[in-house]
Amino acid sequence: MLDAVLSGLLQVLSPDSMMLMMIGIFIGFVVGVLPGIGGPVAMALMLPFTFGMPPIHVFAFLLGMKVVTSTTGDITAVLFGIPGEATSAATVLDGHPMARKGQAGRALGAVLMSSLVGAIIGALALGLSIPVIRPIVLAFGPPEFFMLTVVGLIFIASLSRGQMLRGLIMGCLGLLIALVGIDPQAGVPRYAFGQLELWDGIGIVPVVIGLFGGPEILQLMLSKESIAGKSASRKIVGVGQGILDTFRYWKTVAVAGLIGAGIGVIPGVGGSVAQFIAYGHAKQTSKHPEEFGKGSIDGLLAAGGNNNAKDGGALIPMIAIGLPGSVSTAILLNAFLISGLNPGPEMLTTHLDVTFSMVWITIIANIIVVILALPLLKPLARLTFTEGPILVPFLLILVVLGAYAENNRMFDIWVMATSAFVGVVCLRWNWPRAPLLLGAVLGDLCERYLFLSSSLYGWSWIQRPLVIVLAIAAVAILFKTGWDVRKHARDRQAASLKEVRS
Amino acid sequence: MSAKSVAGSPRTVAYGDWIITFGLIAIMAGAYTLSLKWPANAAFFPRLLSAVGLILCLLNLGALIWQTLSPAPAAVPARAGGGHGSDDVQLVEGDEDQGNEDEFHKIFTRADKRMWGSVVSWIVFFFVGLYTVGLLVTLPVFTVLYLRIVAKASWLVCLLYVLGTAGLIYLLFDLLLHLPLPEGVFPILGS
Amino acid sequence: MAGTFFKQAENGRAFAPAKGLSTLSLVAALALVPLTAARAADECAFFKDKTVELVVPFSAGGGFDAYGRMVAKYMGDELGAANMIVRNQPGAGGLLATNQTWAAKPDGLRIQLIAASGMIAAEFGGAAGVAFKTNGFSWIGRVSGEPDVIATGPDSPIKSLADIAKIGGERTVRIGSTGLGSPQYITARLLATVIETKSQVITGFSGAPEVFASLGRGDLDLFASSLSAAEAAEKAQTARTLWVFGTEREPSRPELVPLSEVVDAKFLPLITVQASVTAAGRALAAPPGIAPERLQCLRDAFDRTVASTAFLDESRQLNRPVEPLSGKRVAELIKTATEGAPKEYLDLLHESFTQ
């Protein structure tokens, strides 16, 4: 096994693969900044360039590109409040408020460093899981996937920002949005209104971009101020501080990374749920939970640490049994097949070096991107001090192209515009948006796995041990959230009464 | 993007809430009605969710009615005690939890009719342009007009801006990714 | 996937056109050669300096997409076009793009790689949203038409039909499938019919990899998928392939018995028609009503492309086996499949699509 570890490293360090990795990193860096185009879309479009390359070169190029887009996507999320993918929406929740407070430098430093730490955790999880990889992956079936969506949905409550009723309503709306399209049980087009474009459901990328990017652009157009506002000092400080923060809050980052790597393993559900679990967990353990959503450094670190770790986790089921965990890994799986590799036992025996090369590529590419990005952070952070109107045309084009690129159709631009409208209405009248997103991400998965569980196992799936564990976790989280909300409300009521009396 | 908002008085906030609540009630009721036509297994989730959503919306409506009927003591910032259990927290203006979103909320609330009017027209202009003539035409026209009129940028800045964005898009979409760009229904440029 | 590299599709397929017909058309073709050739040359000049769009009805990055890109890479030059670009237009399982191609201007500048088998099934199942007639497309040629196979779990006791019947005696036999109306659903339904025992098609899996994972976990008994997907799953030890879904052996896997030899003879027509629909595979088509000379240009360019060593080398290198078939043969194949379908088959398609 140690041979394979070394051989994997040496093959990655060969001039050819390093060269390809650098090209991949460069492309990923530029493309990753564009929301919606970064992750899977860029990989899919670059796939043909790998035709005919040896496997390790393919992964140096594609995987190098993928890990970089995750990181640079966070840069856009922090600076402009537009998440690049549905799986990295949590970065916006605290990263962007920091930028608006004039702390873009610190936020970028923190997100960059925590991404690196998270990526290393994810890569190590992949490397360490190799001896036990198959039984682990096979232990999770539709019932476990279903329970995980339930755990994810519970976070609607903690994302409601103290507006439980409105949060639940938005969550329901999000879940309903996820159900649009041909249903898997009876083949009925639900809520499609005769539009073929709606048969495959509403794309989550245009929804995320619109929901978060729309209000941001409108806000710039209305206020005509820079993102960081007039009040903030124009001096950009704190990239170094952000990096230090990562190590100061190392526990938060490490736990977020472990959650990402662990839950990222679960195909389909993992990536989108992991970020909210990591974020919610950080909030519940933080000393300053009230700062979450306002520019909390632990919140951002949790999101950043989780984001790149889940990429490592998502590789695990793909390598073990050929089951891709995310859209990006589905494309990597195709790259596997094209380069003549077969996921499964072969990857753990004859091609073990290739498997380890993927671990190394994840680590090395992440280190390189940190080194490359560091000198750019200051100039990038300066963008938040640019006059708002100057940014508007650029941002408008960014959101339009981001919505369009996935499927090349105008329809998605209208989905994006509608989501932007919903986002603005939500903010104007104080309705929470995050539960809507969470519902939209999880709704169809929740339904599909519930039906699959019951048609595969009847009701006996409820007795599966992992299901019970997850159910206990769900109840515990629910109680903890309820407790926090109650306590918070009581504290505040007491405080406001005091204020009135004095 | 209603242009009717004036200043952020509690009454106007409630006014938006009424519309949203009624809108959501309509959506949930519609979703429920549509699901009645489907076979049981396909309808199970939509029906469950729309029913729950409908009940929650009605609860919210109840909270709004309660809030309107019960005279709020002017001096107490937190109009607590309205409606149903946990949602009493939500009615607090300037909730400390809201942070960044609150800032957006303030900007949206403070903007007057004229500002909304101008912003909405720009956006409509952009999307109509995108729909009719496609991105390649809309990009330079919108950028130059917006930068000149709103950002008061110099012609040089406009030129560099347009060249910069167009160049970047060309590099990325055409040369690197071979992705098509949104074309209008009446394409002027391109194929 | 080794060993399944391209093979001449003509051999072993059951749909050779009636001999008389082909002689007749040969005579007709010979008579027209000088005239057509001259006009075709003119017509082919049309593509010079033009950009041809090859529409792929699925997202970029998938297997279908890889075929589209492989063809586009070489066919543009053969056609003499300035450029042949791939445009991904996913939606409604391919119906969206196929509808648009059906209605597109028949100038040859928009062609599409069509999942012919899925579209035939959708059309004849009366699926909502179908606005085309598969038979009416101007078929340019088939790229690949791999057969479907039937797989079971790696540790499953199933080796023969009797084993399935035995399970069926104890409990319901579970057959995995993606959503209703998908090609996998139709094969699953057919499979459920021909095994003649208590069985249930379990729908709702997101795709073949997820079904194979369930198969590997032992949750499912059977799954019918494309040969290449099943072979990948065999390597991943999540599946063991049992039979070919058809009437003839697959040359690359001669040990696999055709389903027609396993099940009762009365199901032969059903299996035959399904095999021929599957054989229509992934084929290139232009909108209906294209000028015959221009279609000829496209067909010639396609034939040259799929015969070129560069193309075949790439197909082998990428583990994307091709089984080329000329446009004329594809058209005939689809005609036979659609006209000769037994009522039982059509009924089954209807059940799969209409609610």
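Labels for the chains are A, B and C, by order of writing; each one numbers its residues from 1.
By our rule, contacts are C-beta pairs under 8 Å (C-beta built on N, C-alpha and C of every residue); 3 or more make two chains touch, one makes a residue touch a chain.
Note that the coordinates shown come from a computational prediction; the quantities given were computed from them, not determined experimentally.
Chain-to-chain contact here is organised exhaustively, every possible pair of chains being in touch.
Comparing chain pairs A-B and A-C, the larger number of C-beta contacts belongs to A-B. If you average the CA atoms of chain B and of chain C, the two centres end up 44 Å from each other. With centres defined as mean CA coordinates, chain B is found 23 Å away from chain A. The distance from the centre of chain A to the centre of chain C, with each centre set as the mean of the Cα atoms, comes to 36 Å. Multi-chain contact residues, meaning those touching two or more other chains, occur in chain A at positions 41, 45, 183, 185-188, 408, 451. In chain C, the residues touching two or more other chains are 87, 355.
In chain B, the residues that reach two or more other chains under the touch definition are 38-39, 178, 180.
Remark: chain C residues 51, 85-87, 355 touch chain B in the complex. By the touch criterion stated above, chain A contacts chain C in their complex at residues 40-41, 43-45, 47-48, 51-52, 137-138, 141-142, 182-189, 196-197, 199-200, 267-268, 317, 320-324, 330-331, 333-334, 337-338, 340, 342-346, 406-409, 448, 451-452, 455-457.
Of all residues in chain B, those touching chain C in their complex are 38-39, 178, 180, 191. Residue ranges of chain B in contact with chain A, taken from their complex: 1, 5, 13, 16-17, 20, 24, 27-28, 31, 34-35, 38-39, 41-42, 45-46, 49-50, 52-53, 56-57, 59-60, 63, 75-78, 80, 83-84, 86-90, 92, 95-101, 103-105, 107-109, 111, 115-116, 119, 122-123, 126-127, 130-131, 135, 139, 142-143, 146-147, 150-151, 153, 157, 161, 165, 169, 172-173, 176-182.
Contacts from chain A toward chain B in the complex involve residues 27, 30-31, 34, 37, 41-42, 45-46, 96-97, 100, 161-166, 168-169, 172-173, 175-176, 179, 183, 185-188, 190-191, 215, 218-219, 221-224, 290-291, 293-295, 387, 389-390, 392-394, 396-397, 400-401, 404-405, 408, 410, 413, 417, 421, 424-425, 427-433, 443, 446-447, 451, 485-486, 488-489, 492-493, 496, 499-500.
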